[in-house]
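Here come two complexes built around subunit A, the first alongside subunit B, the second alongside subunit C.
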Partner chain A sequence: MGAGHSHALFVHRDSPVHALAPEVKITASVLFTVAVVATPREALWAFGGYLVVIVAVAFTARIGLGWLALRSLIELPFILFAFALPFLGHGERVHWLGLSLSVDGLYGAWNIVAKGTLGVLSSLLLAGTTTPRDLLLGLDRLRCPTMITQIATFMLRYLDVLAAEGRRMRIAQRSRGYDPRFLWQIKGFASGIGALFLRAFERGERVYLAMVSRGYEGRIPLSLAGAGATARQWAAAAPVPVVAGAIATVALLG
Partner chain B sequence: MTPSLRVTGLHFAYPDGHVALRGVDLTVPQGERVALLGPNGAGKTTFVLHLNGINTATGGGVEVGGLAVDPRDRTGLKEVRRRVGIVFQDPDDQLFMPTVAEDVAFGPANLGLRGAELAERVDEALAAVGMGAVRDRAPHHLSFGQRRRVAVATVLAMRPEILVLDEPSSNLDPASRRELAGILRSLPVTLLMVTHDLPYALELCPRAVILDEGRIVADGPTRELLADADLLERHRLELPFGYTVTA
Partner chain C sequence: MPAVAMHISNGIIDNQVALLFAAIALAGLGLCFVQGRRELDDRLVPMAGLVAAFIFAVQMLNFQVLPGVSGHLLGGTLAAILVGPYLGAICVSIVLVVQALIFSDGGVTALGLNVTNMALLGTAAGYLLVATLLRVLPRRAWTLTVAAVIASVVSVTVASQGFVLQYYLGGAVDVGRSLGAIAAAMAGTHLLIGLGEGVITALTVTYVAKVRPDLVYAVRNLKRPVVSEAVTV
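Presenting the complex of A and B:
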């Protein structure tokens, strides 16, 4: 089958972090990020502390730092703006290698880059140790609205089906000599997207019929999912938010 | 004994006025395997969606194991949907949960089963189609033949009175097709198989009915129907090249 694996970010390992219940990891990751964001940008040492926490978790999860570094490149387009800040900022300026840089702008850039990177790293650790399926399960157990988890569940299931359909359609187009290279040639591509949308829409209706035929009444029963996190699991994950919280508190008071 | 399915004078017109069914009568006794044959556009799928109350008849009625299908009666409808297990043509439409086991559990969980009882149903249904080994896999990682078998398991898990299969042999390679036939033959359940795969109907179903232009136009032993070349031709049905049936 040509269907790809939808859990591209998941790293198969046997580690204590992988074994934790998803809701525990989601909570720890969110609290960690909140602590990072709440930290004043001038407390440079605090961000070093957060990085130590990240490295410690990555080590426990047996996820390579190279893997993390490579995947975190995804944030680049989002922080490009940060590199302009030192040149655009006002106020006090410092001179470095013949460049005149704004101090405020430097802090602004640092703020975006440091917090963004730490946020991305913590999300990557979560994604690397938790399958998308388990993430949804965790969100459901954390009382995330079922409407959202249901939509995400379907997306997870049908993204591959849709991608395969799109691929087949594209192969069929290319087989008939259509291979757009430039913007003004994309008419066929655009109508392909339209056709794909219609097909997805029709499939949605058929899936719904199949669900109703098996007694669907608006709620997907998650009864096979087993028990949620134990107190021991919560305790095992607690050091991450506790340490991050402590760092943030000291930085805020200091 | 109450028949598994009794359809009387079923009539259905789409909201745009197009009449799809013009008085269908069909009775299927318990344990029988019946093929519903008909060309494309004969109203086969429309008919099937009446059996569990998804389509609402504009005339006539359907009874499943003695229980009348009434779309306004919500509790009755739930029981009807348990009794009628429809296996749709495209397994990707039927299998929408992240893992095979969860998908098989979907139906019985909707019926209120939980815990050990639910797990037992799932194991039982997967074992019946020989798919126990893939229970934790994602449906899209299975072959097409495997997906179709899992789709059969998803409705078997509801312990239906009658199993309704929409084109069960479509897109299957010969080996998967033969394996599925073996599984279907082994199931102790009433079977209605909607198809235009005539050899498959002959292989599995002793009795066949032909639906054309919204009516049942023939009803009898499958072999006799397929041996009647005039009858087949009148209703746009054809045996594969080189294939002959004698009564």
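Presenting the complex of A and C:
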């Protein structure tokens, strides 16, 4: 099981990629991922090409490859799943070091490892160069349903508040000599979660009433000065999806 | 220690099936939004944001299961019992979207698959079971607790079998009869995860139902009160 997500991935740097409008980066990242996923798994060279694109963007964004490698460990369970496939797959088999491996399974494992890793790297570059708030602003400008962006905006605003509330409650518990963290103390842990929910919900109702009394009408403005991306910014980000699209097209035709 | 993903990444399920489930997820979420509006009108957005943040915060609280092995709550059934299946599904979906975009957990092209499994299947199974059990089981102090444990176990297992179905429809490798082994392995591990999930969910909702029964969706709409007569606070 994961360890939760304690902080956003944003890396504070001053780079051309950081300066791009969020909607441009989201579009480029999603198109890149779609191109990767659409590539036939037999076209091994194409995935090398995608990796070159990733490294080039990381270099421009001044994000270290070590940072990317460490964060991409999040994918580990699927890599392990991929390792099982050559043994489970059917059809033609090859023998290597005394192991009987399915060819289809090997390609499948490669498919998962390559596409999964490139997908994670692309998302990491997006999240590393864009603040969470900007990501939501970008989604909003891309006409993502307002319901989703609005709820996500509230969520991000409440998240740190709730996390801090949880930490405060934990400190209060521990300073009174109770530290539930083992299996037999699960009841104390669970009532902590229950209390957190109650406090959160009551806070939410309070905040909602305060907002209504200040003129809230069901939508908070996401951007005060919403200029949006310029044509030059779209052009600056275009090489990523264009190169990826070209690689995918050649791989599909070849 | 880096976090480890539990969400489907890109490239495991083929594109046609991923698209199909993206359509299913969108349709399901649309229904949830319509129903959610009916229940909460203009309070829907702020409250959904708050519950989503709560699920997210709860997932940060690690709990030591065994020395060296720690787990955390997934929160689908918890959300469904506390705020209802529609709002619950919306909140879990938003959490999944944010995790994919901001924390790189789960592939962007696999979002439809993840939302269908965890937000729609998991929440629906969990809530249906709790609602049924609360009406079928005798009214005792333990009714809600037992119902929540069972519902969590089934919900987490059903969600994991959603992945097996998707893998059967469009998996990267045809594993033939080994699919049964994958299904069994997924069900086995998720049964254990579900048990832990169930115990914490049950204790949490029992606590909230004692203090503010009006805030527990699954209990609020029952004709006869389920906890109040049996509770000693």
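Methods note: the second predicted complex is superposed on the first by the 240 of 254 C-alpha atoms of A that agree within 3 Å, B and C clash if a C-alpha of one lies under 4 Å from a C-alpha of the other, contacts with A are read in each partner's own complex, and residues count from 1 in each chain.
Convention: contacts are C-beta pairs under 8 Å (C-beta built on N, C-alpha and C of every residue); 3 or more make two chains touch, one makes a residue touch a chain.
Being a predicted model, the structure only gives us computed values, none of them experimental.
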Subunit B and subunit C placed together on subunit A: clash or fit? fit
Does subunit B (first) or subunit C (second) touch A:T230, or do both, or does neither? neither
Taking the superposition on A as described, I'd like to know which of subunit B and subunit C A:S100 touches: first, second, both or neither. neither
Going by the contact rule set out at the top, does A:L118 touch subunit B (first), subunit C (second), both, or neither? second
Practice task
Could you say whether A:R206 touches subunit B, subunit C, both of them, or neither, answering first, second, both or neither?
Solution key: first
Would you sort A:R133 into first (subunit B), second (subunit C), both or neither based on which partner it touches? first
Across subunit A, the partner (subunit B or subunit C) reaching more residues is C
In the overlaid three-chain picture, which partner chain does A:G215 touch, first (subunit B) or second (subunit C), both, or neither? first
Superposition result for subunit B with subunit C: lowest C-alpha separation, Å, rounded to 10
Subunit A positions within both the subunit B interface and the subunit C interface are 1, 3, 5-6, 153-154, 156-158, 161, 203, 207, 211, 217
Within the complex, subunit C is touched by subunit A residues 1-6, 8-9, 26, 29-30, 33-34, 36-38, 41, 70-78, 81, 85, 88-91, 102, 104-105, 107-109, 111-112, 114-116, 118-120, 122-124, 126-127, 132, 135, 139, 147-148, 150-159, 161-163, 166, 181-183, 186-187, 189-198, 200-201, 203-204, 207-208, 211, 217-219
The subunit B residues in contact with subunit A across the complex are 49, 52, 54, 78, 81-82, 84, 86, 88, 90, 92-94, 96-99, 101-102, 105-107, 109-111, 113-115, 118-119, 122, 138-144, 154-155, 158
Within the complex, subunit A is touched by subunit C residues 1-6, 8-12, 15, 18, 33, 42-43, 45-50, 52-54, 56-66, 70-73, 82, 90-91, 94-95, 97-105, 107-109, 171-176, 178, 181-182, 193, 199-200, 202-208, 211-212, 215
Subunit A contacts subunit B in the complex at 1, 3, 5-6, 133, 136, 153-154, 156-158, 160-161, 203, 206-207, 209-217, 220-221, 223-224
